[in-house]
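In what follows, subunit A forms one complex with subunit B and a second complex with subunit C.
Right, the complex of A and B next:
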């Protein structure tokens, strides 16, 4: 095994990322550039950037491994991660952009009119962001270990370092270019090897992956096994992924960089296309892995398959290409999350000190990246896609009800929102605690604790509605004006308070 | 950020080229009865559209696992040598999601155009 091509690939991706970021710096001048690229990113570029940012290590490495191990029920991960954008498009995209706020806490405060909701949302953004960052950094360690034989902590430390260089110098504007580039890099890095591996597979007689192995029929079943609890697990996964996307802090921040609500919608449709093309590929790796890789360690299947199927220098080159793509996946998602968490920290914690806007943002970015980096090195590895799935469950149980009710229902009150966020967070945290706790169970108890979304999301919605009804006198006085701002097309001139 | 920002004062010279004609939203901004009716109808139309698009999505997401749970032998069914679950969830679902999204954008923008025209007619 020759690791030189992979080392070169990782170095090239890191240098290209910093170089494009520095080039983007020429356009970065103001605090607004740092946070939201001054809201001037056009749909095609913005959609590539969203795709680049969203396709994390979980999509690039995790899905193929899960599908190889567990079969077709894991296909709900990529389907849900795409369908999440459709739900986001029809329920929140344009109104969220038109709200004119920078971040989720800004939206909550503008809609509900109290600083308390703002603080709760800030805490949640940081919690979800860090929950999502830890598996990215762990995946980076795994990748460098599998591709180069480097110790695990090295990858977990390099990725935050490159991310910080980029975020500290350029902020949101330069990261937009970097992430658009990284979408296309990731697509190429999976597509080219997939085509070559498929031709190898056809030359070998095209054994159907669905007919290999003892549990062939179960592998093609799109429901988790285990009867009723299995069906529940699958539904819960669907709820978490379909509804969680809209509550991810790095996704939401991207919507504020659209020029207006109409562009926000158009961007989302392009994102649906870009994700749809990308997600055709990981299942191909899983299927070929079933024929060629047997019981390969699941999270590094994508990295090892080229070497297993095509030996020699060609295999090393293909391996280098997928390693480059994986590295791009860690970098882009981590950049987006770091910016989102840093944006909230700098507005609500660090910004309260005497630092200027940009300096506060930089200090916050360091905090945002270093904390999950330390956790990634110390905490046990859960499997990338599963850990990211927990972040989706928390987002679906907290920000999804806040956004949907806040945008479409005048009756939401601050007390209702805070209680609902609390209930949803506690409910979904059961899953996080269960994943890290050294206990196991089976049957219904396991299902309800491992995937809480199917009960915690409806519980959070119900709490918000019922408590809001009970505290009707606290409906924000400005709510009607705010609703007008959310839903009125840009062709109508209003006092939007932001332009 | 609880209070509204102060009224903006625009300082400009005489216009050099004609500005694009835009609908003025005084009716809805000032919360008149007519504005409230128009706004309510836009909100209802957009919500109806959103729900109408989510229904097929919910049916799909609820139906596929249920069907395979009730009839596990479906997993062995193959279309063009590919098991049907793989064909549905690995491939067919993505064009469907894109088409639903594109259809939504077209209709949402039509609703908004209608709203702007109504508003213009109302304000004369």
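Right, the complex of A and C next:
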């Protein structure tokens, strides 16, 4: 195994990311040719950026491994991660943009007008961000281990280090260009090897993956086995992924870049298409893996498959390409999350100390990256996609009710929102605690604890509605005006409450 | 123990009486800070009655009653007449019951003390205390309370005039397109009419759009994109006039274009930069950068002009406007009042080193939307 191409690929991706981030602005347009209108971020570019930021290690590596190990029911992960944008498109995208909020705490403050809700939301952003960052860093450790033979902790430390250098030196200044570049890099890194591997597979006689292995029938079943609990697990996964996307802090901030609500919707449509294309690829790797790599470790299947199927220098090159894509996946998602978490920390925690704006943001960025890095090295490995699924469950149980009710129901009060967020967080935390705890159980208890979304999301909705009803006198006085602003297209001429 | 604790912490009986009085006064002042209106008078008049300790108290302007608190409301219609008399004299007066006779036998109100409320030398209303017997003490108390109320009203007036001043300055900024700019732009356009009619037409349209934006009436805020568009038009017109002498670099991060900023808060900075850049003989170069910095957007306007003594800029920002930088102080005040004191202008300059003005704007601030 020749690791040189992979090392080169990783270094090139890291340098390209920093370079585009720092100078992307300069070669976009300079002297005297200035038309601001032509500079607004087009939906296609912004959608690529969202795709780049969103497609994490879980999508790039995790799905293929899960499908390989557990079968077709794991396809609900990519389906849910894509369909989450459909829910976002229909219910949230345009009103959220029109609210003018940059982060989720901003939205909560604008809608409910109290600092308490803001603080609670900030805590949740940090919690979800860290829960999402841990598997990214763990995945980086696995990748560098598989591709270069480096010890696991090294990869888990290198990615946060590159992210921090990048964020602290202003390398994320033209974040839209960087992230858009990362999407296309990731797509290429999966697509080119997939096409080559498929031709190899056809040459070999195209053995159907459903006919290989012991439990072939169960593998191709789209619902988890185990009767009722299995069905529950599948539905719970669907709830978490469909509703969790809108609550991801690094996704929400990207919608601010859209010039208006209409552009936000168009962007979301393009994101749906881009993700749809991308998510066709991991299952191909899983299926081929079943034929060619029956005993590969699940999370690094994507990295090892080219070598197993092609071998030689060509295999090393393909492997390097996939490694580059995986590294891009860690970098882009981790950067986006680190910035989102650092922004909230600097505004609502560190910024309250005497540090100035820039210094506060730097301190926050270090905190935002180092804490999950330590956890990633110390905590047990859960499997990337499963751990990310937990972050989705928390987001679906907290921010989804807040956004949906905040946007579509006038009756939401600050106390209702806070209790709902609390209940949803506690409910979904059961899943997190269960995943990290050394206990195991089976049957319904296992199902309810492992995937709490199917009960914690309705519980959070119900709590928000009931407590808001009980505290009707605390409805924000400006709510009607705010609702008009959320739901009226910008092109309509009306008094939006601007003085 | 408990007794001693109360003694040491709440003071003597006299101290506590003072605290109570101060507390009542602070309650009354909240309403009065909005000026002398029926609403503010109604909310503060009962606290004034607590201060004076009389059966009834009225607040009037110079012609009619605004609020009444206490018993014997049948006297209220007479308050206007008493107010007119006192307003004319401008002194605290005592009126007897026959001047506001309610025709009720054994009315417990026998006298009224009326003190004028004077704001900036003009009587704006009266404070009237109705009592069974007007003692010298009550007359003194009424006079003092009336003076205190007058002070509160003066503060309200000050607050209102500060707001008016700010609005007037924004209006002035809107109308500020200098006559020279209009004259020079039209002159420059005229010079193209024969040689390059297409360019002349384009410039005229730019000019129309520029004035439309600047004279816009509604909205305290705009987006960075809109403001930059207007600045582009301004620079196009200036470039038509100065040709190659004026060069401009714009580096705008697309992520920050939707940020909401106070209307016309960059335009004055760019005008200053153009003026400074071209003041010296030679070529003027201006660069405008807008960068994406996490939760904030940082906008920098830089010129290669003669620079300025930092001390003079400091004085200009403090409101002393002898500096040749129109609107610098105004922009600073508006940024601070919109986003908080952390977001004032930062000016980097020195004689001979050009000027760089930096504006930081948060991507989201409650109540700020374009």
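The criterion applied here is as follows: the second predicted complex is superposed on the first by the 471 of 499 C-alpha atoms of A that agree within 3 Å, B and C clash if a C-alpha of one lies under 4 Å from a C-alpha of the other, contacts with A are read in each partner's own complex, and residues count from 1 in each chain.
Here is the rule we use: a contact is a pair of C-beta atoms (placed from the backbone, for glycine too) under 8 Å apart; a residue touches a chain by one contact, two chains touch by 3 or more.
Because the structure is predicted, anything quoted here is derived from the model rather than measured.
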Using the superposition on chain A described above, determine whether A:110 touches subunit B (first), subunit C (second), both, or neither.
-> both
Of the two partner chains, subunit B (first) and subunit C (second), which one does A:387 touch, if any: first, second, both, or neither?
-> neither
Which partner does A:342 contact after superposing on A: first (subunit B), second (subunit C), both, neither?
-> second
Report the partner of subunit A that touches more of its residues: subunit B or subunit C.
-> B
Identify the partner contact of A:82: answer first if only subunit B is touched, second if only subunit C is, both if each is, neither if none is.
-> first
Counting only touches as set out at the top, which of subunit B and subunit C does A:144 meet: first, second, both, neither?
-> neither
Touching A:100 in the superposition: subunit B (first), subunit C (second), both, neither?
-> second
Now for A:257: first (subunit B), second (subunit C), both, or neither, which partner does it touch?
-> second
Shared contact residues on subunit A - subunit B and subunit C | 106, 109-110, 113
Which bits of subunit A are touching subunit C when the two form their complex?
-> 25-26, 29-32, 34-37, 39-41, 100-103, 106, 109-110, 113, 173-176, 256-259, 339, 342-343, 346-347, 357-358, 361, 485, 496, 498-499
Seen from subunit C, its contact residues with subunit A in the complex are 218-221, 225, 228-229, 232, 235, 239, 247-255, 257-258, 260, 291-296, 342, 360, 363-364, 366, 368-370
What residues on subunit A touch subunit B, complex-wise?
-> 72-73, 75-76, 79, 82-83, 85-87, 89-91, 94, 106, 109-110, 113-115, 208, 210, 217-218, 220-223, 230-231, 234-235, 238, 242, 262, 265-266, 268-269, 272-273, 275-277, 279-280, 283, 287, 408, 480-481, 483-484, 487-489, 491-495, 497
Which residues of subunit B touch subunit A in the complex?
-> 1-2, 4-5, 22-25, 28-29, 31, 35-36, 39, 42-43, 46-47, 49-50, 53-54, 57, 61-62, 64-66, 68-69, 72-73, 75-76, 78, 81-83, 85-86, 88-91, 93-95, 97-98, 100-102, 104-105, 108-109, 112-113, 115-116, 119
